[in-house]
């Protein structure tokens, strides 16, 4: 039995709260189990230097964790004066995932920045960030459409992310911190609403994993992603 | 009439939510009007180098603002690689205010760090941070007492903070962003539960202010602080 | 009796030496007791980005302390790679104070930077910096008038600063280091030549202070500021 | 046909030159096609703080690219004052991969740092770094055995890495720069000598990839890894 | 006898390998004894801000040392986040030396950056860098001539550098690490092909040196420089 | 004729003011022409890590220039967050020069830091810093002797520095800014009281210099150094 009493293919309870803060063009609190991430989308009418004059937009992300989002306090990155390698890896991943489903040309010369700040961490924060940020991005683009700035929403399809892993020799879906810190293999899978794989990152923390285990893990992830996409669909209707 | 339709001596609606996040020894969300600050207290069993072996503790604070807590996105300090002068001023102020009411010797060789992170900003974030952080600090110390680590709570009395200012020639209490960005004088007053002044910082943004105006502003602040202290008292009972 | 044998309302001996260095448009050494601060004003024909094209000028300040200005050597900020929070607080304060008495529109698209470098510290360095920097600023503007660049001096009135505090339960004026490191309350008051308050910053280092003490401290400061303004008046005539 | 005239499952010419520089305990130049990476292993008798007194060692990696290893000069990270997110991602990956096949307890309280510096880049630098660093690590450990410091080599088995990707709709092995900058999917696979997967990182740069494509890519990688492992085996015999 | 069995006026074996890497406009590996430095020249069509619109070019240099180029590993500057004073001194020296023999006006609005990266260090790395970088610079300029971009090579004459020193009381040429770390005086002399001195830097590590010793050292350097210039001449013909 | 109407071998007027500031163990203002440098010596009872337990002391230096010491304001290094290469070169040079005449073993486990801050610059600041710092160092050591901490002064002999150069084809002594910014060759020579050369650094800014010119320049420097040493001798008697 898993520490959380869940089935091996069972997601933690999930909620997506839109309009969590007032100023951002999109603002979503995603809560999955005890993990809570605030995702805001900010629209700016300028693009990074390498895109200037190219008649297309950009979607990027920044990730942060409040110092006491975790069991023990970790140093504030702003105070240390630099972001860790982990933070940079995660924010690059979020940005890539969202760009994969956005029509950047249709966005025009605009940049949308997704700030994903972890208020409370219990495993799976990068996956929650991607899943929540998609809703914030969609909301921000919908606002541009509602304001007549864009003719249609440049977000082409859903994207969501989930972790899977091998814990005590068994593939499980959506690891919490207790499982994550104790697993043999940890994998993050990012898929579109139509089932295409956007990114897969699997790491053997202990024993290397086999081709068969890889297949089993991607199967599990696929199950989870479908539920996340359904929740996103529900949320943007709400 | 004030933009928010409040009387000149009227606070915005206030709430203090304890246990807002799970891991910290104290965790309080303070909301005053549209300003929301998450204050967590983290207890560590080590002290800064200058206090080692001196048989006393330390209380310190860090302050941050999520990039899109504000009307337009501001750059993430962790990404820029340094904290602004404003951030440093504020976190030094929070730390000083809380130390003023804490018996550091009674705390023993422990450090309590108050992380005050602004989720949404609408004026008065530093004052909200102090008022909320006091509750988080008190909770963290109460936990040490409950665990038998300390014989009694080293927080000697309340401390709370409020902004006052002169807007359109008239002294007002608890400025929101619309007033703050348009005032002649902006003042933050920090007082204890028994009415002692811990810190006063007043700045003429436009016309200098007179001795009479100083008196009127401190009177207003005194009124506000009493209400904040009452709310703190209520909160720690809850 | 005070360590320096002064009366409670007595300033330390003060001198303002203009033209202390040769290159700056204004260059003043202020000495008050053992505290010595070199204040230079540099005129540049560009303004910060946020003011470009707005047809107004800017006055800003930087503050530094030579490593051995103090009793024990403190690390050089340039070597550490960052300015402390204290340094940033002080230079922001100096800049605000001088802007409060300068007609920025009349200055035109120019920036004047006041560099305040402490050669020797014995308490009250930030107040000395403001009082001395006003003379340097006035001199630099007078030079622009003399050169026919400006029709009249955009410095509208005097501004000066002094510390007051409660030492051994008694309000005193112009604390030196011995008093400053041993006081209950430390307050900096910045006033214009016509007696308006530009900034007040009071901190209870030990026991909080009362409303009556606040009044007494501001009275004392008022007395001191008048003498500083008289000295400035004398200096710019010289 | 591929730009390099290779078959879809054909590696570029590979060489592993041991003892490329004189001082390091292990020093290997790996050349695969036009990509050249110098990998050195340095043994130090101290471990990172989090491992002190835990009676085990550590293997870590740093990655760098000479400014003109690439078609156009890129800024020197030492001059910019920070490592890019890409650099940090890569060096974390190299370290994890090598630790996966090293018996850290058997290494004792020692740290081995693998410096992987790219002298010339033509795609696949991170994979080349892992494959070459393994040989340098093995050499450094063999030296410790030869010197009687360790009873046996703590490197338990081979680890090697290769890139695969989908170019013009077709899965190919070992992408060079021309293919890498033009592919739909880019994947790095890291496997042990016995065929276990240590890490898999796949990214859809354009169209998302399917489950079937994932399988095809891992098949290709498996083929390549076997050849790399054979070359490593040959090299350490030489 | 010297540790390397050389005569006091004998250079170490020298080789200059052009085209060592493929992408740079000039790329030279210089090897002198066990010291190996890779020098690449990169041509960019922009100049530093202070030269914009002045119708002339610029030649600059950056210097780095791979962490394990030395007997014991030194920290990677990119990881530490700053270049040491030594690194900055050396790269400024290389840039000055090359500019001394380049007609910057004839170069046009172009910047050539010489990256000098030490792959293996055994004393004399800065001198090797200058001598090798000259060849890379010459090659890059020759390429601009060959492409019809420039009418003639703006490199006016040779420049080369050599170390001399007093070891065990005796002047010697071209110190290796064993001598360098054990000498009384260490001097680097940089001369043009026609025998003019471009730079001389001599430091007494132990006993100060006399005027006579200065003369003897410069005599030795002159001998060495002639051989280096001959080798450069040979290399660019090759 | 020189811009300053001096003979080619004539120093600018020189003064050495001891006890310029109150706190440092040695504090000297050196003024040579319009160049003014404040040199303080601070004694600390700890040594850098690489000397711990080695039963010897260390002498080191830091150099800074006030932002408006120069004709146009230069950016404050503390605000930029790093010291320039020029600053680092100079402070390393000052430290080396003073260590060359100090018996570090006799100093015991102490570090003396010489802070050399340029209040006003008119050429030759690094040479003035060395010459002035020697007096501050000597004073600080004399104080240790006077206090009975050391049996005798560990400063073995004088060291002083002067610039020489070739201006308009003619060798001159002690260049001021007007000459320095317009010379063909600029050379700093550092010699001991007994005439040994501690450091020589000569750079051809324009035309390379000949062996004969080198000799002429060192002759001139020798003349200047004798006068500086006489002034130091006079000063420490005073």
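By letter and in written order, the chains are A, B, C, D, E and F; residue numbering begins at 1 in each of them.
Criterion: a residue touches a chain if its C-beta (ideal position, glycine included) is under 8 Å from a C-beta of that chain, and two chains touch if they have at least 3 such contacts.
All values reported here derive from a predicted model rather than from experimental measurement.
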Counting one step for each move to a touching chain, how far apart are subunit C and subunit E?
2
Chains in contact with subunit A and with subunit D: which ones?
none
Going by the touch criterion stated earlier, list every chain that contacts subunit A and also contacts subunit E.
D
Using mean Cα positions as chain centres, tell me which chain lies farthest from subunit E.
B
Through what angle, between 0 and 180°, must subunit A be rotated so its C-alpha atoms fit those of subunit F, rounded to a multiple of 5?
180
If you take the mean of the Cα atoms for each chain, which one ends up farthest from subunit D?
C
If you average the CA atoms of subunit A and of subunit C, how many Å lie between those two points?
50
Counting in whole Å, what is the centre-to-centre distance of subunit B and subunit E, each centre being its mean C-alpha position?
59
Report the inter-chain centroid distance for subunit B and subunit C in whole angstrom, where each centroid is the mean of the CA atoms.
28
Going by the contact rule already set, what residues in subunit C reach two or more other chains?
81-82
Pick one for the touching-chains graph, please: line, ring, star, complete, other.
ring
Successive chains along the ring, subunit D then subunit E then the rest:
D, E, F, C, B, A
Which positions of subunit C touch subunit B when the two form their complex?
82, 85-86, 88-89, 91-92, 96, 100, 191-192, 194-204, 207-211, 214-215, 218, 222
Of all residues in subunit B, those that touch subunit A in their complex
21-24, 27, 34, 36, 38, 40, 42, 44, 62, 64, 66-73, 76-79, 81-83, 87, 113, 115, 117, 119-120
